[in-house]
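Think of it as A, B, C, D, E and F in the order they're written, each chain with its own count starting at 1.
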Amino acid sequence: MKKKLIYITRKEHFNAAHKLYNPNWSAEENDAVFGKCANKNWHGHNFDLYVTIKGTPNEDTGFIMDLKKLRDVIQAEVIEQLDHKNINLDVPFMKGKMASIENLAVGIWEQLEPHIENGKLHSIRLWETHNNYVEYFGEENTEH
Amino acid sequence: MKKKLIYITRKEHFNAAHKLYNPNWSAEENDAVFGKCANKNWHGHNFDLYVTIKGTPNEDTGFIMDLKKLRDVIQAEVIEQLDHKNINLDVPFMKGKMASIENLAVGIWEQLEPHIENGKLHSIRLWETHNNYVEYFGEENTEH
Amino acid sequence: MKKKLIYITRKEHFNAAHKLYNPNWSAEENDAVFGKCANKNWHGHNFDLYVTIKGTPNEDTGFIMDLKKLRDVIQAEVIEQLDHKNINLDVPFMKGKMASIENLAVGIWEQLEPHIENGKLHSIRLWETHNNYVEYFGEENTEH
Amino acid sequence: MKKKLIYITRKEHFNAAHKLYNPNWSAEENDAVFGKCANKNWHGHNFDLYVTIKGTPNEDTGFIMDLKKLRDVIQAEVIEQLDHKNINLDVPFMKGKMASIENLAVGIWEQLEPHIENGKLHSIRLWETHNNYVEYFGEENTEH
Amino acid sequence: MKKKLIYITRKEHFNAAHKLYNPNWSAEENDAVFGKCANKNWHGHNFDLYVTIKGTPNEDTGFIMDLKKLRDVIQAEVIEQLDHKNINLDVPFMKGKMASIENLAVGIWEQLEPHIENGKLHSIRLWETHNNYVEYFGEENTEH
Amino acid sequence: MKKKLIYITRKEHFNAAHKLYNPNWSAEENDAVFGKCANKNWHGHNFDLYVTIKGTPNEDTGFIMDLKKLRDVIQAEVIEQLDHKNINLDVPFMKGKMASIENLAVGIWEQLEPHIENGKLHSIRLWETHNNYVEYFGEENTEH
């Protein structure tokens, strides 16, 4: 019998401060590119994080992965690092990177991937406001 | 002229009771694996179901499929079977399966597929709580 | 200086099973009044609970009440009793009452009130589905 | 080093009137196919539009594309044409087409595509009500 | 024993077209006051309607009022009149009034009030967009 | 004829950073009371602000107050001060106050009140996260 491929998603959230600025640029250049997102005293967001894994349900449990274990991994590897923190200053896995949600989504993928059974992590979706979100599927950009 | 491929999604919902337990296991084993989801007296959810079909709009109607007909199929084949029911006890197409949302999404696909024109059913997305949902695209798992 | 009156609301949620039926009535009477809500094998919901307290912020903390303490009270007195439970069978404070959300909102008020400083509990709002909710302000009905 | 492929989505909204009717058909045929959506005096919706672009973040900015510029393009090319308008009567890029959301999503793609750097536009998702939405990924339908 | 006062709310929705314009004014005056809301070819919205009733639950049913009956009244007296209609042209109870949501909320109250047991209708809340809504409690304005 | 009292609400939002700490206390005392909310490097939120005014619709316009003017007042007096700002450091009307949402809601009321016609401002509702919000109706606390 063919095994079916199912995707399951868990949502978590965290609240954090950040700013967008390039330390190699002047304040004026940062203002010109990042506008109010460059405010030197920071701003912040309620981030909603959706982690999707894929696989075939175990016959005994009906589970691809125990969602309680997935939640515990997300809490330990991501939420503990980010919740009520400053993304630019307090988060080891973001040191030296622009604190954009594009980079944050990749950082979250890299935090989670070693803790989830091989091949099962499918995507990270990260909402920054009601009006924008980023997705990362672990893909390489072969075109651009 | 090339024909464009469009996806259209209809949302429905139902309220149901279930529990997660494996009848081949002891109560202790069920508690250890499923925790409070194994409560013998059941618990329940408001389920949100999104059904996506794909195709090219008919030139006369602008429709891939009349959404009223899609709604009627979903109502007859899925909602009537599940709404205000016990998924473990009352639902013919879930008999003998673990009442997990992974299995429920596959069951819903199999209920709908014969009633939708060949090749048009694209995905089932089923929310169980604000914090988790399952997706099934009719795919076979060729890797895991 | 006049002290200002502020209202603060905390949201929690729980998933539970129930049915609507009157044990003094026949099955036919229950079906006639409660329809599919009387399904003998239960159904269930994701309940969203909003608890509002009122008062004047403490000058040192800016708090009417520490929301972490409010959350702990709601968890211990309400969520622990209701989450992943059967409201008709498993919940001591609902024994002998119709398991309607009207009665559930009153039961939740009575669970919380002794644990919140005198006069501060303002309202309970309880969503049962996307389409209906109940509110209770501790008021007596003097008219009807 | 491999370049990562990231997807970023911006949400905008507009309010518009429309009706579904085929001018080559009689009123009776229109009523039979489109039902209340064919009301001659129009009806309307709050439309939510999600535009997704893809690419690799610029190293200096962390951006695939400046979201402010994406917003300005969406405003100028789409929202200005549609907000508080009649889709059948007021919108140049919908002239001569059925005013279905399937066709509207394609029309929005074609409005945006020339203004977004080559290869970066990934998808249009357009919600018409709480219960239905359409997606278009610029794909050709090779099967149906 | 004191009887408790409970409030219960039912949500319904409808989609409609309208415009804001005063027939006693010139087109220029209408544009100056109502801006794009005065577009002569109409625009429209997905309206969310919340109807709240109050009372003491019946001891046999646990109900203030059977929500199915409340839903049927709302459907017959309000939704049938408004859904997929033009508020300015098609709705008898809005004839001769500005089609603002302020007036629409009052009109809906007056449609429902005779069909709900005396003293039980508490409020109408009507959302026009994600960003604005109106409430009416049947109150007289004694101050302004 | 009696004049009807109507309430209308406008929603706006802003993103800001803050922390909860009392400068008269040691770091240890702040940690004990405010926990992770006292993180010295700040955290932040997407704040949703609902401003409600009340009155009787003008006969010519159907408006209690032109919502575009209300929006402009909220933008100028509140959003410009708070959006992408640090509530503790950047906001003149919060200087010297604990940056709690209780105090922020009062501050927003006091910013708006002089700019809205006498007696018309009814309430401020401010969401800090999905799980908590504060309301202020301009009331004095006469009991506690």
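Keep this in mind: a residue touches a chain if its C-beta (ideal position, glycine included) is under 8 Å from a C-beta of that chain, and two chains touch if they have at least 3 such contacts.
All figures in this text were calculated on a predicted structure; none of them were measured in a lab.
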Neighbouring chains common to chain B and chain E, by label: C, D
Any chain in contact with chain A as well as chain C: B, F
Equivalent interface to D-E, taken from C-F, E-F or A-F so that over half of the residue contact pairs match: A-F
Same or different contact residues where chain F meets its copy chain E, judged by the half mark: different
Approximate Å spacing (C-alpha centroids) for the pair chain B, chain C: 30
Chain C-chain D separation of Cα centroids, rounded to whole Å: 42
Inter-chain centre distance, chain D versus chain F - centres from mean C-alpha coordinates, in Å: 35
Where chain E touches two or more other chains at once, by residue number: 130
Touching pairs - complete list by chain label: A-B, A-D, A-F, B-C, B-D, C-E, C-F, D-E, E-F
Of chain B, residues touching chain A in the complex: 20, 22, 24-25, 33-35, 97-103, 105-106, 130-137, 139-144
Residue ranges of chain A in contact with chain F within the complex: 13, 15-18, 36-37, 39, 41-46, 83-86, 89-90, 129-130
Complex interface listing, chain B residues touching chain D: 2-12, 52, 55-57, 60-64, 66-68, 119-120
